[in-house]
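In the two assemblies presented below, chain A is common to both, partnered first by chain B and then by chain C.
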Partner chain A sequence: MTSVKKYQESFFLTIGTLAVLSAIVLGIGDSPISVASVLLNSAFGSLENFSYTLFYSTPILLTACSVRLALAAGLFNIGAEGQMLIGALASVAFGLWFGPTLPVFVVIPSAIVFAMAAAAFWAGIAGWLRVRHGIHEVISTILLNFVALALVNWSVLEIFKNPENQSLETTWIAEGLRFGPLWKHATVFAPLAIGLAVLVHAVLTTTWFGLRVRSTGHNPRASELAGIAATKIRLKSLLIAGAIAGLAGVNEVFGHAYRLIDGFSPGYGFIGLSVALIARGSLPMLIAATLLFGALQKGALDLDLETERVTRDLAAVIQAVILLVLALQTRKKGGASS
Partner chain B sequence: MTEFLFTVASVSTPLVYAALGGMLSERAGVVNIALEGLMLAGAFTAATVAWATKDPWLAFVAGVLASSVFGALHALLTITFRAHAIISGLAVNAVVAGLTPVLCKTLFDSSTSSPMLENAQRITALGGRVSPLVICAPIVALLLYVMHRWSRFGQYIRFAGEVPDALDAQGISSQKVRWLAVCLSGALCGVAGAYLSIDHGAGFTRNMTAGRGYVALAAVIVGRWTPQGALAGALIFGSIEACQILFQDIPLWGDRTLPVQWMQSLPFIATLLVLAVVNRRAAKSPGGLFVPKALSS
Partner chain C sequence: MSSGDIGLQNISKVFGNVCANKSVSFTLRSGTIHGLVGENGAGKSTSMKILFGMITPTSGHVMIDGRPVDNWNVRKAAATGLGMVQQHFHLSDVETAHDNIVLGSESALLGIRNRKAERRKIETLMRNTGLYVPLDQKTGALPIGQKSRCEILKALYSGARRLILDEPTSVLTPYEVNDFLNILKTLRSQGHSILIVTHKLGEIMQVCDEVTVLRAGSTVAQLQTLNTSVDEITRLMVGRTLTLPTKPNHQPNSAANVLEIYDSKAHRFAFTVSSGEVVGIAGVEGNGQDELVGLITRQNLKFEHQGIGVKLFGNELRECDTRTVRSRDLAIVPADRTHDGLVLELSAAENLLLGKKQCGASDFSRIPVQTLETSCLNQMREFDVRPTEPGLPVGAFSGGNQQKLILARELAGITRNGFILAAHPTRGVDLGAIEFIHRQLLDRAESGAGILLISSELSELFALCHKIYVLYKNELRGPFFRDPRNFSFDSEVIGQAMTGLSQKRAQVS
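Right after this comes the complex of A and B.
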C-alpha cells in the first residue's frame, strides 16, 4: 500500500469514527459538540486538569508496555488487568506487613520487587499453562483476571480491612512509604512509565534479546529452526510483561491511594491493551494513544456533572469504537483469522 | 439431589447455547472470543424489549436478533475485512460492555440495571419449574449434532474451517458459509443472553454475563469443537457453578465457611484445571486430537 493511500485510509477511518460517536451521542440525546468540549476542557483545560490526565495515563502506559512486550513475542496478554491487581495487592501487603518494622529505604525497593515478582508469577501461570498444557493465553489470562479480582476483593475485605472505614479498602500504609505526587496529581511513576516505554522499545528494537523476541513473535517455528528457544523466549516475555503490569499496581498503592481500594481500576489493563494494539510497535504512537485514552478517562469524569444525559461510561464507548475501527486496520493476508 | 439437578440445568443452559455458538463459529474458521459481548447484547435487548412491550417472546426474538447483528459485526470485521479475530472479538466485547450502561442510563435513568421485570414480562416456566429454554438446550445440541454430522451445511462449515479453497473450488463461497456460521453463533448467544435477563433473571444488570462467555469458550475447547463435546463441557462447568451456588454456606471446619470470593472464583479456577487436564491428554493421544485450523498457531 502506498503511503498516500494509507493516509487517505486513516483520514476516512478517523472521520468515520467521529461520525459513529456523534451519532451515538445524538442518539442518547446530547450535543456531540458540547460533549467534546466538556471532554477537552476536563482533560486539558487547566494545568490541574492536565495533571489528572497524566495521572490516568500512567497506569495505561504501564499496562500498554506490558501488552506490547508480550505482543512482540506473539502473545496476547489480556491479563494485564489481573497482573496489575496482583501487583497492587502485593504492594499493599508488603507495605502493611513490613512498613512498620523495617526502615523505609529497605521497604520501598523490596516492596516494588515483591509486587513485580507477584505480578510476574500471575502472568507466569498463564505462560506455564500455554507452554506445558497448550492452553491459549487469551482464555487463561481472561479467566485469571476474574480470579485476581476475587482475590483482591477477599483480601481487602478479610485480611487488610481498614477497621475505621466502612468502604471496601485496606488500612493506609505508613506515611514514610507514600510517594507524594510529583506535580499536582501526576505521580512519580509518570516519568518512570515513559522511561520504561522507551526502554522496552529500545530493548525490542536494538538488542539480541529483542530480536529473538520479535523473531519468535513473527514465526515461532522458523525461530526454533534458527536455534532460538522460542518457548523460553515466550515465557520470559510474558513474565517480564507481568512484572511491568505489576508496576501499575505499585503506582496506585504507593503513588496515589496509599491503600488498596477494591475496584480502583476502571479497566486500565484493557485500556492498555487497546493502546498497545493501536500503537502496533511504534513508540510515538504508544505515547500518543496513551495520552488520548488517559484524556478520555479524565475527561469523562466531568460528563456526569456537565452534560444532561451522557455519563462517564461514554469513555468506554469511545475507546471501544476506536478499537473497533483499529481492528479494521489489522488486515491480514491469506487466512481469515487466527 | 433434584435440587442440585435443577440448579445444574438452569445454570448450564446459557453456557450450552453460547458454547454451541462458539463451536459453530470456530469450526467454520473464525475464532470467537466475542461470545461474552454477544450474550450481553442479547441480555440487554431482551430485557429492554420485555420492559417496553411486556411480551417476553417478542423480547426473546429481539434479543436473538440483536446478538446476531453484533455477530454480523464480528463476521464483517473478520471475514470481509480480514481483521485479526482476537482483536475484533475484543472490540465487539468492548463496544457492548461500553454501550449497555450508557443505553441503560438513557432508557432507565440508571447506569447499573434495568427495572425489575414482572413475572408476566418474563418467559414462563413450564409446570412452574422448568423453563422451555432449558428443555430446548439439549434439543438444540442434538439438532446441531445431526447437522454437523450428516447434513450438507455441517459439511460446508467443516470445510470452510479446514480447507476453504476446496469449498470455493466447488462453487460454494467459503466466506458466505463463515458469515452464516458466525451470525448463527450470535443468534445462539442471543438465546443465552435472553435466558439470563428475561428467564433465569428478571431484568438486565451491568455486566450480567460475568465471564460466562469465556467459560463457554473453554467448554468449546474441552469439548474438542464438537456439538456433543460443547454440551458436555457446558454441563461440567455448569455443575461446578451449581456446586458454588448450593454449597456456598455449608460449614467446612467448625462453623467457618469458605469465603464467598473463593467460591465465586471456583468456576474460573476449575475451568483452567479442566482445560489443562484435557489439553494434556489431547497432546498425549496418538496423532494429537483435533484442533481447528484457525486455532492451530
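Right after this comes the complex of A and C.
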C-alpha cells in the first residue's frame, strides 16, 4: 500500500470513529462537542489536569510494556492485571513487615525487587503450565487474574486490614517509604515507565535476546530448529513481562496510595493490553496510545460531573469503538501479527 | 483456431504492483494434450486460473472456438465442459470416493438421490477411461495415486471434456506417473483435450502434442513436441543454457564416518554417510522421511523409540536435544522452508543470524548491525539471493531465493568436513536455482562434507548421490549403486522399491 493511501485510510477511519462516537453521544442525548470539550479539558486543560492524565497513564504504560514483551514472544499475556495486583500486594506486605525495622534505603529497593519477583512468579505459573503441560496462557492468565483478585481481597481483609478504617484497605506504610508525587499528581514512576518502554523496545529490536524473542514469537518451530531454546525464551519473556506488570503495583502502593486499596485498579492490565495491541510493536504508538487511554481515564471522571446525561461509562465505550475500528483495519490488511 | 479449441489471447493480469501475466497466448486444440511450462512466477497458475474463469484478466481475451468471449467466469467455463484438477486435492477425506466424485454435480429428484444411477454412470466412466478406484472407501484412506484418479473422475463426471491439470504428477511415484500418463493418452483418444501444467519436462515430451513455454509472464513459444527437445524447452524457460550436474565427480572417503544410523533391534534400518559422500533417500513423502529428519534433529523421536539410533561424528545423539545437536558441525535444510526453515516476518539479515553461534553469546549484548549487514550482503551475493536487500522480510522473497537464504545460512555455519542434512532442497524452486543449489551441495561434498539428501525427485537424487536408499512405510530398502558401465542408477528398480514392490532389505549386521 502506498503511504498516501495509508494516510487517506487512517484519515477516513478517524473521521468514521468520531462519527460513530458522536452518534452514540447524540443518542444518549448530549452534545458531542460539549462532551469532547469536557474530555479534552479534563485531560489536558491545565497542568494540574495533565499531571492527572500522566498519573493514570503510568500503570497503563507499564502493563502495556509487559503485554508487548510477551506478545513479541508469541504469548498473549492477559494476566498483566493479576500480575500487577500481586506486585501491589507484595509491595504492601514487604513495606508493612520490614518497613518499621529495616532502614529505608534497604526496604525500598528490596520491596521493589520482591514485588517484581512475586509478579514474575505469578506470570511464571502460567508459563510453567504452558511449557510443561501445554495449557494455553490465555486461559491460565485469565483464571490467574481471578485468583490474584481473590488473594488481594482476602489479604486486605484478613492480614493487613487497617483497623482504624471501615473501608477495604490495608494499613498505611511508614512515612519514610512514601515516594510522594514527582510533579503534581504524576508519580516518580511516570518517567521510569517511559524509560522502561524505551528499554524494552531497544532490547527487543537491537539485542540477541530480542532477536531470539521475536523469532520465537513468529515461528517457534523454525527457531527451535535453528538452535534457539524457544521454550526457555518464552518462559523468560513471560517472567520479565510479569515483573514489569508488577512494577505497576509498586507504583500504586509506594508512589500514590501508600496502602493497598481493594479494587484500586480500573483494569489497568486490560487497558495496557489494548494499548499494546494498538501499538503493534511501535514505540511512538505505544506512548501515544497510552496517553490517549490515560486521558480517557481522567476525562471519564469529569463526564459524571459536567455533562447532562453522559456518564463515565462513555470512556469505556470510546475505548471499545477505537479497538473495534483498529481490529477492522488489521483485518483488512490481512491480519498481520504484531 | 477451429471449433472445439480454447485458449488465451494476449492476456495480461496485474495484481497491485505486480504484473503476473504480461502477454500470454496459447491454444489448447481439441483432442490434444497441451503442456504449459515455465519457472515459478512465470505466470502459469495465473494463466490457468484465467482460463478457468477464476480470475478476470486485466486485458486480453479468453478464446472459445476461435472467438473471444466476454465476462468469462467459472460457471461459463464449467458449462463449456472445462474441468480443473488442482495441485492440492479438494476431496473430503471422510466421504466415500463415490460421494466425492458425485459432489457438486449430484442430481436429485425431490431431494432424493439415485445412487444406483450415479454408480452406473461412474462405472461406465471407469470402464471407458481405465481410472479404477474403490468407490466405497473413504478417500482419506486411499493412496495418493487413487486420490488423483478420484479428482479426474470427478471432473469427468461433471461432464468435463477439457481438463486443466495443475502439477498432477508431483506427488506420484515413477510407477504411478507412467500409469497416469497412459490414462491421459486414453482420454485423448476418446476426444478429450487436456492442459497439463508441470515442471517435469520429461513427461511433457512423453505425452504432449504441443507445449507452450512461459517466461516472466509472457508466452515465449508454442511448439510441437515432435519438433523440440527438453534442452530447447529448458533454454526457453530459463532464458539461458543450463548445465545441471549429472553425477558427483569424486570418490567419498569411506574411512571417515560422518553420520551413522543404526538399528539396535532389527538391524534393518542402518546406514552410514562418510566424508565426501552424498547419500540419497528416495521415497514417496510420508513414508518415514519426517521421522528420519526428526531423529537427527531430535524433534521427532518415533524412530528412536523403535530402537533406531544416530551417531554424528562418532558421538551418540541419544541424550541430545535440538539445541545441542545444533552446536555440532551440522547444517540442516528442512523440508518445509516456510515453517521450519525461516521466520518469514523477520528480515533476511535477521534470518541469516538465527543459526549463528553468536546467538549463544551474551543475551543482552547488542547485535553489531553494521558489520553483520556487510557480511549478510556478502552472503546474499555469494548465494545469488535476489533482491540483495538484507532488510527485506523473508516472506517477500520468492521460494527459490528463500531456499538459497537457508542454504547460505546453514552452509556458513559448518566447516569443510561437516554434515549436511538436506530435505527436498529444491522443492518448488526454479531451474536456475536448482542448478545453483546442486552445484553448492556437490562442491561441499567434494571438499569433504557428508550429505544426506532426502528427496522425492529421482532426477535430483540421480544427479547428486553416490548411493541411494529407498524409504517405504518406515523401512529402508537398498542401497542402490550406480551401474559402473554408464554411471547411472536403475530408475526402474528404485521406482519399484518406492511402491513397495521389491524385496525387503536383507539384514545388515
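Going forward, the second predicted complex is superposed on the first by the 331 of 338 C-alpha atoms of A that agree within 3 Å, B and C clash if a C-alpha of one lies under 4 Å from a C-alpha of the other, contacts with A are read in each partner's own complex, and residues count from 1 in each chain.
Assume a residue touches a chain if its C-beta (ideal position, glycine included) is under 8 Å from a C-beta of that chain, and two chains touch if they have at least 3 such contacts.
Being a predicted model, the structure only gives us computed values, none of them experimental.
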Mind checking chain B and chain C on superposed chain A, clash or fit?
fit
Which partner does A:Arg214 reach: the first (chain B), the second (chain C), both, or neither?
second
Taking the superposition on A as described, I'd like to know which of chain B and chain C A:Pro100 touches: first, second, both or neither.
neither
Once the structures are superposed on A, label A:Thr206 by its partner contacts, choosing first (chain B), second (chain C), both or neither.
second
Answer with first, second, both or neither: which of chain B and chain C does A:Leu314 touch in the superposed model?
first
Is A:Leu143 contacted by the first partner chain B, the second partner chain C, both or neither?
first
Would you sort A:Ala222 into first (chain B), second (chain C), both or neither based on which partner it touches?
second
Angle at the Cα centre of chain A, taken between the Cα centres of chain B and chain C once the superposition is applied, in steps of 10 degrees:
70
See if chain A has more residues touched by chain B or by chain C, and give me that chain.
B
One more residue to check, A:Gly176. First (chain B), second (chain C), both or neither?
neither
Smallest distance from any CA atom of chain C to any CA atom of chain B, in Å, after fitting
5
Chain A positions touched by chain B in one structure and by chain C in the second:
337
Chain A residues touching chain C - in the complex, by the definition given at the top
203, 206-209, 211-212, 214-215, 218-219, 221-229, 337
Chain C to chain A touching residues, read off their complex:
297, 299, 322-323, 326-327, 332, 334, 339-346, 350, 353-355, 358-359, 361-367, 369
Contact set on chain A toward chain B in their complex:
24, 28-29, 76, 78, 129, 132-136, 138-140, 142-144, 146-147, 149-151, 153-154, 157-158, 270, 273-274, 277, 309-311, 313-314, 316-321, 323-324, 326-333, 335-338
Touching chain A in the complex, chain B uses residues 29-31, 33, 77-79, 81-88, 90-92, 94-95, 97-99, 101-103, 105-106, 111, 164, 175, 178, 211, 214-215, 217-218, 221, 259, 261-262, 264-265, 268-269, 271-272, 275-276, 279-280, 282-283, 293-295, 297
